[in-house]
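Chain lettering (A, B and C) follows the sequence in which the chains are written, and residue indices restart at 1 in each chain.
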Amino acid sequence: MIRRIAPDVPIVDVTHGIVRHGIRHGALVLAASLPYMPVGVHVAVVDPQVGSERRAVAVRCADGRLLVGPDNGVLSLAWDRPGGAVEAIDISRSPHRLEPVSATFHGRDLFAPVAAHLAAGAELAEAGDPIDAGGLVVLELPSARVEGGEAVAHALVVDRFGNVALDLRHEHLLELGLTLGSRVSVEGPGGRREGTVVQTFADVPPGELLLYEDAWDAVALAINRGDAAADLALRPDDELRIAPAT
Amino acid sequence: MIRRIAPDVPIVDVTHGIVRHGIRHGALVLAASLPYMPVGVHVAVVDPQVGSERRAVAVRCADGRLLVGPDNGVLSLAWDRPGGAVEAIDISRSPHRLEPVSATFHGRDLFAPVAAHLAAGAELAEAGDPIDAGGLVVLELPSARVEGGEAVAHALVVDRFGNVALDLRHEHLLELGLTLGSRVSVEGPGGRREGTVVQTFADVPPGELLLYEDAWDAVALAINRGDAAADLALRPDDELRIAPAT
Amino acid sequence: MIRRIAPDVPIVDVTHGIVRHGIRHGALVLAASLPYMPVGVHVAVVDPQVGSERRAVAVRCADGRLLVGPDNGVLSLAWDRPGGAVEAIDISRSPHRLEPVSATFHGRDLFAPVAAHLAAGAELAEAGDPIDAGGLVVLELPSARVEGGEAVAHALVVDRFGNVALDLRHEHLLELGLTLGSRVSVEGPGGRREGTVVQTFADVPPGELLLYEDAWDAVALAINRGDAAADLALRPDDELRIAPAT
């Protein structure tokens, strides 16, 4: 659809690997990818409510990026940066949509056509009806806290290797006194296990648990050449208790 | 291969998700995708008989599209539209082929090179030997019928979410007196179940069965946030009996 | 990343289907694909030692291709052709790298940026520090031998269909007296089975074992419409004994 409307616009296909109905997964991947991509029109569709009353939106970020997708939170982490969302348009009845819009495939009939017209130079304001950017749906993420010498953290997203990104940041590790080489205790739904705080997988032997800062500055759990999520029985939102091993 | 022969031709990679040996699956996806794509050269390769006597063909449609692939039916639903196939060429010994042609990878050695030359402007007539378009292999699909107040329908294709497209159309639903909101009985190999005729997934609670018109105008079965094919033990060609719930 | 640095460079995405940590799998796929691709900059990242002391390299081949990736053997089969590697650069501290380089995602922060700059015209010599091409890590593959009227061969790579490429070549078959139509005995970890030497899948009935030369000139095992690797319990490096059936 994009090619038909905007034949000369370069298209970058970031991923088709978002888990089904994974609004948060999509939101996290979109937000993590954008800083490495050229400024452009970015479409993200994880849309379990397609065809219902949920709005379809196009949003302009302070840095000039345009985001297009359902107003269910999947875009919200991507504008949650300095400047935020500076303009929002309800595109549900966009003049750019493909008529008739099917009830179940807005990626094809609505989001891709609107994005293509925007990429080809159409004005955002003419893509639909202006709405208050402050009223857009924002995704709530769990939030780690440090109490009594341990961090109560949560699994945010599990990648296809079984590596688990947490809602922990470097500052939490410092607060716990955890530095490179520290032994760490990790207690989750599947029991307690010990690992090591390191920089990368190869810093521990195969089969051992590591706690590291991943390539998007989140603290993450992995097992070198293994599957941490399976091993620790971890799923998104699960709570973990992380502390220096005694 | 295409890039080497025709470096400036834009390439759209529609899918690598066709089930193994799924000639019908490939044919249905190709036919469903074409109306949304720019007119061009369209290659489709699902080819369990590769290397045997099955012909390799290039076909011109009435609307100007060129189809390239094995003559096993995978292309046939794509030209089955007004005007049909207006010219057919046997490309098995095409001058555009890559010599030596391997016995098992005609996608690389035959279909892609021929398509690339056509996309770069080569004449269809010079891609091989003319054949009678009427003699091309045509895929036979099951055909739903309404009898005694119920529809005898068939599963045509199951997508990766477990949604099941049927050989039913809007007219069949009308004939059965089924409209939006109607309760419907669905009996298949895995037993009988009730659902609702709706427009989209979100119109029923999670876990409930819905009958809806999908984005390609086929009537389809799904379970909101579930897997209808697994739940109903449905595979392509399976017969279903569909009627108003009593 | 490539698009940001080199917006006008065409990108061909060969595969994301290499098995996890499959350095050999990646090396074989890269070497098998290159002869069919335009000469260019070719990035391959299978990198279980990312962040450790393993070097990151860019290598010029005699035919002008540039290879970029970790120095762990994944590139080595691709330059193992006439002329070999004629120039090698350690890019670990390349001026083209994205600062800060993450410890776990050199594909994004190092390999893609270096490749993009090279594709955009940067000099290889300026991408890092020159090293001796003779000191690059070279992948060791198993090697088939014929003894006592049978071939002792090894599974090299298993594709997603369960077809198994061996370290056998046409010459080995000749030495064993195996020609098209010969019946052949195949003994592996999962037991002994008979099959037929043929050109292509369709030359045997569904469910039967075939030995054939695949599209990259390796002798391979398959089951028509089946999964030879699963059926024979074969994994890479497993030993097989292949001989004319008696």
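Here is the rule we go by: a residue touches a chain if its C-beta (ideal position, glycine included) is under 8 Å from a C-beta of that chain, and two chains touch if they have at least 3 such contacts.
Just so you know, these numbers come straight off a predicted model, no measurement behind them.
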item: Contact graph of the chains (line, ring, star, complete, other); value: complete
item: When subunit A is superposed on subunit B by its C-alpha atoms, the rotation angle in degrees, nearest 5; value: 120
item: Length of the line joining the C-alpha centres of subunit B and subunit C, rounded to whole Å; value: 33
item: Multi-partner residues of subunit B (each touching 2 or more other chains); value: none
item: Residue numbers on subunit C that touch subunit A, as the complex places them; value: 1, 3-4, 7, 20-21, 48-52, 102-105, 108-109
item: Residues of subunit A defined as touching subunit C within the complex; value: 10, 12, 36-38, 161, 199-203, 212-215, 225
